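Two complexes follow with subunit A in common, the first pairing it with subunit B and the second with subunit C.
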Partner chain A sequence: MIAYILKRLLYAVPIALSVTVISFVLVFLAPGDPLNAIAPADAPEEVITALKSAYGLDKPVPVQYGLWLWRALQGDLGTSIASGRAVAGEVMSAVGNTFLLAGLAAGVGVTLGCILGALAGYRSGGWIDRFASTLSVIGVSIPHYWLGLVLTIVFSIWLGWFPAMGAGPGGSEAWEWNWEHFRYLILPALTMAVIPLGIITRTVRALVADMLEQEFVVALRARGLSGRAVFQHIAKNTAPTVLAVAGLQIGYLMGGSILVETVFAWPGTGFLLNTAIFQRDIPLLQGTLLVLCLIFVVLNLLVDILQPLIDPRMGR
Partner chain B sequence: MKPFYKNLARWLMAAPLAFALHGSLHAETVARYGISMADIPLTTGQPDRGAGAYQFTGHTLYDPLVAWEANVGNRPGKLVPGLATDWKVNPKDQKKWTFTLRQGVKFHDGSEFKADAVVWNLDKVLNDKSPQFDAKQSAQVRPRIPSIASYKKIDDYTVEITTKEVDALFPYQLPWFLVSSPAQWEKMGKDWNKVASQPSGTGPFKLDKLVPRERADLVKNGAYWDKNRMAKTDRIVLVPIPDAMTRANALLTGQVDLIETPPPDVLPQLKASGFKIVQNVTPHVWPYHFSTLPGSPWTDIRVRKAANLAIDRDAVVQLMSGLAKPAAGQVDSTSTWFGKPTFKLGYDLKAAKALMAEAGYSKDKPLKAKVIIAQGGTGQMLSLPMNEFVQQSLAEVGIDISFEVVELENLYLHWRSGAAADMNKGKGISAINLGYVTADPFYAISRFADSKYVAPNGVNWGGYKNPKVDEALDKVRTTFDTKVQNELLSFVHQTMVDDALMLWVVHDTNPHALSPKVKEFIQAQHWFQDLTTIRM
Partner chain C sequence: MSAPLLSLEDLSVQFHGNRKASALNQVNLELGAGEVLALLGESGSGKSVTLRTLLRLHPASRTKIQGSIRVEGQDVLAMKGRDLELYRGGTVSMVFQEPGLAFDPVYTIGQQITESILAHGEKDVGKAKAQALEMLEKVQIPQAKRRFDAYPHELSGGMRQRAMIALALACKPRLLLADEPTTALDATVQIQILLLLRELQRETGMSVIFVTHDIGAAVEVADRVAVMYAGRIVEEGPVSRIVNNPCHPYTVGLLASTVGPEHRGKPLQAIPGAPPDLANLPGGCSFAPRCSRASAQCSSQVPPLVSGSGGRLACWNPVSQLENQ
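After this line comes the complex of A and B, so read on.
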């Protein structure tokens, strides 16, 4: 088991390194000039040249990458070209905000997805199966942007139940765990929960329905095990796959949704990425992408470690 | 007569009520303003994010030496004294300008505003050897004050600025240059990034709170020097909401009290719900800037005029749900510099077709041209629908245009490079669609019409050269009589229109939507707005 964990940890190193290369190079491939973040559109050439030199953008890309990586390894992700603020601070505050949103969205999506998927798998072909299948198809196909706007129109403008945007009455810095603040989370979290809900419902439904036809389940029933005991066996056998799928989904959610966070003006990683992309703020873009990719790598690593704990065959 | 103790009891009972009433009478008034930017613009002195950002963290926190009158809406503003009470050119050497500074002005941190602060701030943006030099602020303002060659303090309240050449339009550059406190920079450890969260200017508001990408709280500066510009609201909360629909939703749900640029689709709902839409003449134009270089399909003036006659501008305004004004030239027809063009922009298909026929083209034998456009972005209005409208309109008269669609940042690159650059001419691009700010004579006229500024020396993108225009613009730079200056600028503008230098379509009107809670907001005919006029 320890050898398995060590192996997985070692695999993560080249992946993380590749992530740094890709996140650095990708932003240079995009059209536009990073100095557009700070220079007016009609800035003369001498201003552009002075800025390039001031921000080290006049150096060759591999040199810039080397310097950036060296600083990143020491926890310094540089300074945002546009705002002058430290990228690490910008990203961590956005990650915290997205964590709130993704946590609730993942909780709703995974829990409901498992319940609906299991019920649909057990009642394959019945009305609940049809309902769950329809819901999962809607979940994976509905445009988020549209759903967010519809939820806002219905629940904010027509009914006045929830705020239309923002991260609390005083902003995310003044966040408190009470209803007054929590209500700001509900609409964006519901919008974001729809995709994992759809995917997990579909996965669990297929796994449970398939598992019910397995010989070992027939044997368990033949031995007179109660329905609850049989369900426990099924749950244990489906858990590793569900965990893997849920891990990926939570990873996506942690990446923040540019569209959902923009529609709800939620100051998370998606909103930050959107700002960084439109401003060509290269240090901010690279730092955000790096942190998000590392979160994804760590989540997958956690799933890889948890899976053999549930199913020891996977650790062999 | 009632005994004393009975009266006392009555007074004691009334006192809390009186205090409560007093408290409510003096309750802080707050205006929450949903702005279209994704982040709060720079707060250190020179805001980033273009001209539209000056109203938020520029002229609220800081003052320029020469200000723009932005608290009037029924006429165009003009240059007015700011931190300088007076400015005049030296008659013996017209490159030298003397500025008399206002006395008794204090920065928000309590330090006094004097000539040293002006020189220090000029060094901050123009002298990269100075310890306070800030590349970010410099990048914002250096292109806006290109005439400054040198500067020096004469005494505590007098500064002399020397321009590179004689430039009578120089004062128009100064509303862009804002003065921040040297003492605060020292106090913040000489770190501009720290100053950003605790800035200090001389403006009508102080920054109380800054949460990046979420809000900036501006509170009234009760000790502001200009009593005519005292803030009418105690606190203005700027809330960045880049998505137009989200901004409208925030207004409809009462999360903000006013928004800029409401989406045209939502206007009927906003109006029906009691919200007020305000808009005004704004120095902006949405044009196709033609290349007049040899080989361009637009070198023939008949084609350029035909294009201008082929557009139903009222229909474009309808497309924008009324949030635009038909263009009659580069500047609005009410502008001092409009002049008397003989070529009237209008919708006249018959005349347009006749001109195209004269030039040898028709619907069956169309002229082909490629236009570079942005898919959207600041100043571009409804870029794609409007461009498609223009495309269909031009097709009617025998001009078949195709588009090269790029992101706005990329479009700027094509713009700065000029029509002759390989990235434009090499790709067959002969016109560019970019929303232009036309706030002052240089921005509205000189930079596009003067052959001195043919790209890449400036943004005379299409290489327009007209000796009469060049001569008039030379005179403008050396004429210090505003009346004569305006006459010359009018001549240049009418020549631009008569030469059909661009295809002018509409002017933006910088619309705002206000909740009924907003009792007053004076929208200036400018990108500079005065937030002190907001009254709740």
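After this line comes the complex of A and C, so read on.
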């Protein structure tokens, strides 16, 4: 088992390295000049050159990458061009906020998805099944910024139950564990929960319906096990696949929330990316991309390590 | 014979899901305590359906069962909840054809046997485990202690089938249903498993219904044979009578189409044609379209299953008469 974990960790290293290259190079492929964002359009040539060398933009790209990677390894992601603050600090506080949002969304989506999927699988062809498949199609295909807008109109403008934007009372961006802050989390989290809900429902339904047809489930019944005991067996058999799918979904939630975070002005990584792109803030953009990609890599690594712990047929 | 352990009366099973089929048609059968019955018949004749119906394993929503099943005087079709759970695996249990598919792949062999023992009334986990281990030793699994903690995929096919038998016998059933328990195994292992089953049957005095395509195996372990065709029992009787003096043309064909030492030098014969479509059975004897002895009566009237000294037979024009045995 230890050897397996070490092997997985080793595999993750080249992936992480390529991720750094991609995060770094991608930004250079995009059109536009970052200096436009800070220097006035009519700035004299000397000012531009000075700015360029201050941000290291005058060196060849591979050198820039090497320097950037070296600093990144030490936890220094540079300074944001727009705000002048350390990128690492900005990204970390955004990551914290996104973790909250994605965590709640994933919790709601995965839990409900498992329950609904299992019910639909057990009653395949029945009304719960039809309800669940309709819901999962909606969940997967509905544009979620649109859903976010609808939820805002209904729950904050008409009903006034939850705030429409921000992360805390009085525009505060620092999270606190109380109802006042939690209220801000509800609408964006619900909006984001819809996609994993749809996908997990569909996955679990298919797995459970298929499992119920399997000979070993018939055999479990033939042994006189109760419905609950049989369900435990089904749950343990479906867990590895559900875990893999859920891990992927959480990964997407961590990075794929640009639209929702922008709609709700939630100060997370998606919002930060959006800001960085519009302000052509290259260090901020690179830093955020890098951290998001690394989170994705780590999540996949976790799933890879957890799966064989549940399923004795895999790995080892 | 006193009251039989098992009696089936006019048992019919219809599936009305995507695939419609009258899989069993008025099956009547009795089995005494300690008796071993072999069920023979071509593929699709309803042998597995019979066994699964005995344990009520077909999905209720897609299956219509008529007639009655009585085991030890209890009405099986009326059982509910905890009674049904105790009956399954407790009074009647099953050994499946593919031990590789019938174990839950993510639990160890030991866990699964222990779980079954606990589900049938044992409260003490330690005792249940000890009992499970004892069962593994009883079915002659070498290094039973190690195999106890093995996952199903870590055992060979033969070992898995032994473990399956240990699981099925763990709660001391009165009746064991074995659905082609050796078909998925190598020839040498097949014999070992058959001998094991016979030995365990003698030791415990349980009854066994044993589905097989292998007439040699039936002769080896069974007291009686019932031959099925298209969801009906067409002939039934003591093994020696069936093998030496088959009466039903279908039984004759079935015996002629299997390889055995007595057939050496003679050409192997297949029964011409294919079994009927169970969704719409022909009016008379289901075997009539394939039968060389068929008369007009055969294709218009279903022959009743009549008893005689040599067993029971459902045929208008038998190869030899049951009474003459």
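Everything below uses one rule, namely that the second predicted complex is superposed on the first by the 303 of 316 C-alpha atoms of A that agree within 3 Å, B and C clash if a C-alpha of one lies under 4 Å from a C-alpha of the other, contacts with A are read in each partner's own complex, and residues count from 1 in each chain.
In this section, a residue touches a chain if its C-beta (ideal position, glycine included) is under 8 Å from a C-beta of that chain, and two chains touch if they have at least 3 such contacts.
Worth saying up front: this structure is predicted, and the values here are computed from it rather than measured.
Trainee: After the subunit A overlay, clash or fit between subunit B and subunit C?
Mentor: fit
Trainee: Once chain A of both complexes is superposed, is A:N237 in touch with subunit B (first), subunit C (second), both, or neither?
Mentor: Only subunit C is touched by A:N237; subunit B is not.
Trainee: Check whether A:L248 is in contact with subunit B, with subunit C, with both or with neither, and answer first, second, both or neither.
Mentor: Neither partner.
Trainee: Once chain A of both complexes is superposed, is A:I157 in touch with subunit B (first), subunit C (second), both, or neither?
Mentor: first
Trainee: Going by the contact rule set out at the top, does A:D311 touch subunit B (first), subunit C (second), both, or neither?
Mentor: In the superposition, A:D311 contacts subunit C only.
Trainee: Which chain, subunit B or subunit C, ends up touching more residues of subunit A in the combined arrangement?
Mentor: When the residues of subunit A touched by each partner are counted, B comes out ahead.
Trainee: Going by the contact rule set out at the top, does A:L220 touch subunit B (first), subunit C (second), both, or neither?
Mentor: second
Trainee: State whether A:L302 touches subunit B only (first), subunit C only (second), both chains, or neither.
Mentor: In the superposition, A:L302 contacts neither subunit B nor subunit C.
Trainee: Using the superposed model, determine the angle subunit B, subunit A, subunit C defined by their C-alpha centres, to the nearest 10 degrees.
Mentor: 160
Trainee: Quick one: classify A:A229 as touching subunit B (first), subunit C (second), both or neither.
Mentor: A:A229 sits against subunit C, while subunit B stays out of touch.
Trainee: Least CA distance subunit B-subunit C after superposition, rounded to whole Å?
Mentor: 50
Trainee: Which residues of subunit A touch subunit B in their complex?
Mentor: Where subunit A meets subunit B, its residues are 31-33, 35-45, 47, 50-51, 54-55, 79, 82-85, 90, 93, 149, 152-153, 156-157, 160, 163-167, 171-173, 262-265, 267, 271-272, 274-275, 278-280.
Trainee: Taking the complex as given, what residues does subunit A use to touch subunit C?
Mentor: Counting only subunit A, the residues touching subunit C are 214-216, 218-226, 229, 233, 236-237, 310-313.
Trainee: Per the contact definition, I'd like the list of subunit C residues that touch subunit A in the complex.
Mentor: So the residues of subunit C touching subunit A come out as 52, 55, 57, 84-90, 93-94, 96, 98, 101-108, 115-116, 119-120, 151, 153, 167, 171.
Trainee: Which residues of subunit B touch subunit A once you look at their complex with the stated criterion?
Mentor: Those residues of subunit B that touch subunit A are 38-39, 42, 44, 48, 50, 128, 135-136, 138-140, 142-144, 146, 192-193, 196, 211-215, 239-243, 245-246, 249-250, 252-253, 255, 406-407, 409-410, 412-413, 415-416, 447, 456, 458-459.
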